[in-house]
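These notes open a run of structures that come right after.
In the two complexes below, chain A is the common chain; its partner is chain B in one and chain C in the other.
This part shows the complex of A and B:
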């Protein structure tokens, strides 16, 4: 019996088990849910008698007991319902099983400390990188060979290939084969170096030592999966002839389940928690104390007095406007808002307007213009930290190319311009002086962002109907008039979209500032480049003010949300107009 | 006449277009080219002023089996000769011509003949020596200098001068060793392999969950589907910064910090990816699916055997998006991974640490940057269309 047959036989065997289970589902699944109820009751009793056995759950005290007991009673009802064959109980049983699988796997994962496997895999991956490199090389080789073969084929089908082409194809076939051999050899080397069997052994061992409870949870999860499949099989067999709606519904929930669980655990949950945290005074270790809106007031608080008057306690002067003096409870927050406002009005136009012009030029479709589109796009794929650090070298005040270029331009201008000569030695401290630091950030942001926007504008331009241009040409419009009177109005939605996304991106400015200015003294020099996210980072992760930081996060979220809403409304209106 | 005017105008507008595109293209490329050249420069070369575009390094020749660096030395006839430094730390005397006080040179004592006479110079008594030609010189002091041999004429007498006064002979050459050096620095190589691993896991995870979810939202009718989808769409608008603090708390609570897993597991779910896949799956004709259903295929089989092969463009788009996201992510690893933890470090924060190491070795920083950005740029060159479509799809549908 060869391997394939054996494998197929095994598959048949497993499907037989499933079939058996679904036939017996009516009798087995209620037993399972009774068992679950028993487990939950035991957990409830344990949480009262021996709270420490529950680990992190013990922290919830009575709530955990009540939850376990409540769920246990629910399981009893589900089990009874399943016995009677009621529809709601089947659905509830499915949801229970999905949740149970997730919870049991998570508990097993945590108890066995499987998270540590990731670093072990990282270790093995590092040691086996040579093998991977060979595989990549082989794939590249193979791809090139395939492309060459395609070029020789040149559209003709495999069968009616000319003898001449066939002769030319022969060496290419050898090339392809060599590529495959390289890939296979690479995989072999990789498997030997990576040694997945040791990793598997470690993973399995962690289930039993030091705490065999992990293995118990894995077993329970597997049981739950089997029960779920039994239930599914039973439901399917009931509905297979009538309609598929029931099956479809179940499949729908099952398919959404992984994303939904991840969404709850890593987005919705934290989002809610962050909102709650913003109403507490908490530094991570001390007890959380409820402070109401104090975090928000403390961040946003402003007081305006006429010149010479004193502020209330806690306020610091931040600005003079029209003979009035403005004070703030949190001058740093307002400094960050001021910075980001300046940043928005300078960087966004610089990232949008050139993109519009360049997109129009590229869409003239002169030969080679696609190359430019690709070149402009490079900064947005290269990664913010990388390109920012390149700029950091260029912006060096004494040996950087940026100052040198300015200086050379000045020297040239001195020949042309009358009056006082421009300085011939430029040493602007782009990174260290308060006056220029934000300008450097603007330059880097605009430079790395405009290419992406250009591509967006090109997409917008391609959707403008050609007839508009033809009509304009009939009326004798020149290219500039066409641009003004046809392109710009038709491109309004795209322009709006591009501006809005750039604004939303700019509001979250962090990486450039962090990489450009000295690490951990971010906001240096003299907070000239302090942005809201940098401030949030400082508050939360350097000073441990989690409550305050959450409040700042929600204020920023509100600001971003306003822009999102404006854009959303706009798009909706357009959709309605069409 | 009118035709030729329009032809000229046409041509000039074409030239102007190319000019604008070309200049912008150069402005985009210059930083990258500078980074490439800077990454193969020597430390001395990075700090020379005025900055030079190409990497230079000092040249040397081999004399008696030893590397001897070459220096430029101005000759008497005004030309510039190339001399190799054969010895350093040689003690020599300073000599001044007695007949002609303008002649000054450095040479060891043995090279001249002691006449035994002395002379009064600036109030000091110094010895008088004579050279082979019979000219006499006063010994006015001593110095520790380097000895230089004429590269074109090894038999000529050695030349002595302090090294600091001489300009090294330089030629364009690449210091490839920088890459090896930066790889060995603070586990930078480990950061690269970790980043590759995290990227592979995040991309495949996102593809898996997005394909499943997208199919359900596109094709399977179940109660609450549309409202869940609306919440899904809304969550795309939530900026990540809002959840980083509680997410970090969560990671601390379940003890996932300082682990590569914390860079992978929270990010294998993507609202944007689910949305993208759903939008694509909706366009696939229903008949295909119904035929397969009648043949008894399960939803799972239909999804992977029919929908996925038809959705390669959307999958490619999502792959580029997830790849860039995972490869370049910075803020989250900065928070959950200690900067000293090499086992779990990834590229973007490692680069930032490297960049903050100080200004003593910008060439190494640039070499690190080149290694970090090479992969995404290479992938971009290979799969340009997927990238551009990714950008455009985010524009038209987002």
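This part shows the complex of A and C:
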């Protein structure tokens, strides 16, 4: 029996197993989910009796127990539902199995350290970079030779070309061959450097190191895959009375499942983790302590007293408003919110309005407008940290360009203006004085954003129908009236999008402030540039208060959500009115 | 001229065999990764070559070097995240101020037991760093019998980088001569700064300093004050001596002698706009790029209390999750050997942490600056070792004190208000 026949036989055997599972799906799948319920209940009990068995999850304490128990109970409901032929149970069972495949595979890789194989492969690729470079060089060489050859025979086949062209083609063929030889040499070098044998030995060694726990998780993953196949079989489909439309919906969900899993693992998962963490006191390494809403109360806590009255313990005065004094449990958080509010009302108009004006000017298609369109876009593609460091140099009080420019303008004005002369030496501490530091951040932010916003506005302007302008012209509208009554209303969806995204980016301000302040303490000077994200970074990564930092992050999320919701509602109402 | 398929197959097969042979080494040295924060690319290159050399010595270590990001790039913040994720190297460098935070969080290993098995002697290194590296977290006090959190990679200290052209133009006595004569004190410093500012013309400042804790901290220490009380369990920035030091520094800013507090003073110094620039040894490679004026260094001016320059240091520590603590400590010893420290010192940015004349000689041989001795003198003249807070949270203290000082120097709070409130504001760092 040759290899192909053996392979086909194995496939037949596999198919038999799946066929068997599909036929017995109505019986097997509920049993499987009852078994999962049992496993989860055991995990819940272990989390109470032997918390150390849960490893890092032990820190979640009661929450881990509740999660395991809750999922266990859910499995019981799924199992009963499957037995009764409920469509909902089938969908829930599929989700559960997908999750189990992902979690069990991840845990198996982690426990057996197979994940380190990816590091080894990465290292091997890095070491074999030289060979890869030779391959790329060879390909480039070959491509050039092919192009030269094409020019010589000018579209006709190599048989049909003239003897003269054939003579010219001969050295080019040699060039092509040299390119192929370089590619081959590169592959040889790459193979030697990549060292696949060693990698294979290590991989096999790692795979066959006995690790019962990892084997259990692998088994769980395989069983979950088989159960998924059973759940998708015809017998189960008939059992739950699924119609064609439902089957198609299910297929759709299954197609998006890999992407959805990626989203859940790398975006929703960490988000959820940070939400959970916001209810714990955790320094990033030691055991977590559940503190309920303390992190939120400690961050948001405010007290208002009459002037002269004392605050409760822990409150610090942050403001005087209408004869009342306001105190906060976390003055730095409120300072960061105050700063971001000021930032929002100054930076967003500066990043949006000039972008609209520029886009309108560019769309006039004056000579050189294409060049300017490219130039304006540069800040969007430049690295934020890099350009911020250039801004830092330009804003330096002693040798920065800004002060120099102001100084030169003052000197010129002194020639023309009567009265006391303006100072001829300007040393504004753009980055070091409390009254200017936030303004400097506003300028850098607006500069970095308006290029992209300009491009968005240009796209918006290009989508406006020319007929509207022609109609306006017929009505005798001048340029300003056309802009006021045609362009602006037609641009409303674009303006909404630009404003919404700029507001969100502004609320998440971090990188510019961080780079401008280095190596001073964050928020320098005296918290004048402290923003919520900078503050949560400081809490989490510098002071090791990850719980508090997570709470600040979720408060900020709520603020951004409310802002966006208001903007969406306004936009919706306006659209409905139109 | 067709390429023979058999020949290609033979070549590929040979390559595979060759690659296989390369991987059949039978010796199994301990595989370790290590990371440090280089001050510049030259240093990063030397660290990489040192790593390869140690591996080549066949002493049971197979090393992979990871260059940490440079100064000001949140090296420690990233490192903490790596440790939490379990991807941090076996051995890594951290600044002295962070030792306690890392040790208390259980992120680094107590290496005393491993050290006892070797010929290691604490006394080979400067006392300041070793006192902080042998603290028992339970008591907050040194206990060299039971604790060793790491070995110092190097030490550094502050000096004044001088623009000799501006000093000459100001017509004041050369600070180096004043230092030799024992007359380089706060009064002479202020006089020199004032003269440079006055004579230098538009935009020229007498001195410049950074906005981080050590800059104003020197004036606190030199004035006879301190950041903390004697057992480092509470803030002492409100003491009369601490406040006097800060008042002196504030006076310099208020009189317009300095580059605005918090601004980066290095670009104006390099542009020839600053007469005296306070910075550490790590600024020397950058200063060597200066071509437009003559420069050198001198000790910081003596305050009411002699000495008290900072002794900055950082240490190689072992990841608590390393699988091979013995090999990791062996690596730490290798990285802090006289030979390795000499190689790093030759690059000019670091002073050896070992009390080894051979290593110091290599450091002194790195000119310019001519007056390298200023750094060595500062290290030996009763310095204040940069120290972690074993019974507090250093980043929280740094933030609270830094905010208060920036408000003081920028004129948004008075010295009386500072004295009255600074330690209350910083009390959170001590659990208050």
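Methods note: the second predicted complex is superposed on the first by the 296 of 578 C-alpha atoms of A that agree within 3 Å, B and C clash if a C-alpha of one lies under 4 Å from a C-alpha of the other, contacts with A are read in each partner's own complex, and residues count from 1 in each chain.
Everything that follows uses one rule, which is that a residue touches a chain if its C-beta (ideal position, glycine included) is under 8 Å from a C-beta of that chain, and two chains touch if they have at least 3 such contacts.
Remember, predicted model here, so these are calculated numbers, not experimental data.
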*Using the touch definition from the top, say if A:343 reaches chain B (first), chain C (second), both or neither.*
neither
*A:372 contacts which: chain B (first), chain C (second), both, neither?*
first
*Given the touch rule stated above, what does A:445 touch, chain B (first), chain C (second), both, or neither?*
neither
*Any idea whether chain B or chain C touches more of chain A?*
B
*Of the partners chain B and chain C, which touch A:386 in the superposed model: first, second, both, neither?*
first
*Now for A:334: first (chain B), second (chain C), both, or neither, which partner does it touch?*
neither
*asked:* With both complexes overlaid on chain A, does A:100 touch chain B (first), chain C (second), both or neither?
replied: neither
*Based on the superposed arrangement, let me know which partner A:32 touches: chain B (first), chain C (second), both, or neither?*
neither
*Would you sort A:142 into first (chain B), second (chain C), both or neither based on which partner it touches?*
neither
*Check the residue A:274 against both partner chains and state whether it touches chain B (first), chain C (second), both, or neither.*
first
*asked:* Going by the contact definition given at the top, which residues of chain A touch chain B in one complex and chain C in the other?
replied: 284, 392-393, 396, 398-399, 518-520, 537, 541
*Under the touch definition given earlier, write down the residues of chain A that touch chain C in their complex.*
173-174, 177, 180-181, 184, 187-188, 191-199, 201, 283-286, 392-393, 396-399, 424-425, 427, 429, 431-434, 518-527, 537-538, 541-544
_If we count contacts the way the header does, which residues on chain A are in touch with chain B in the complex?_
56, 110, 113, 115-119, 121-123, 125-126, 129, 132, 244-245, 247-253, 255-256, 258-260, 262-263, 265-271, 273-274, 277, 284, 354, 357-358, 361-362, 364, 366, 369, 372-387, 389-394, 396, 398-401, 404, 447, 451-452, 455-456, 458-460, 463, 479, 494, 497-498, 501, 504, 507-508, 510-511, 514-515, 518-520, 533, 536-537, 540-541, 546, 549-550, 553-554, 556-557, 560-561, 564
_Residue numbers of chain C touching chain A in their complex, please._
1, 3, 8, 11-12, 15-16, 18-20, 22-24, 71-74, 77, 80-81, 83-84, 101, 105-107, 202-203, 205, 210-212, 259-265, 267-268, 271, 273-274, 393, 395-396, 398-399, 402-404, 406-407, 410, 412
_Interfacial residue positions of chain B with respect to chain A in the complex_ = 13-14, 17-18, 20-22, 24-25, 27-32, 34-35, 38, 46-51, 189-190, 193-194, 196-197, 208-210, 212-213, 215-217, 220-223, 225, 228, 232, 235, 237-250, 253-256, 259-262, 264, 266, 268-269, 271, 274, 293, 299, 303, 324, 327-328, 330-331, 334-335, 343-344, 347-349, 351-356, 359, 362, 365-366, 369, 372-373, 376-377, 379-381, 384, 387-388, 391-392, 394-396, 398
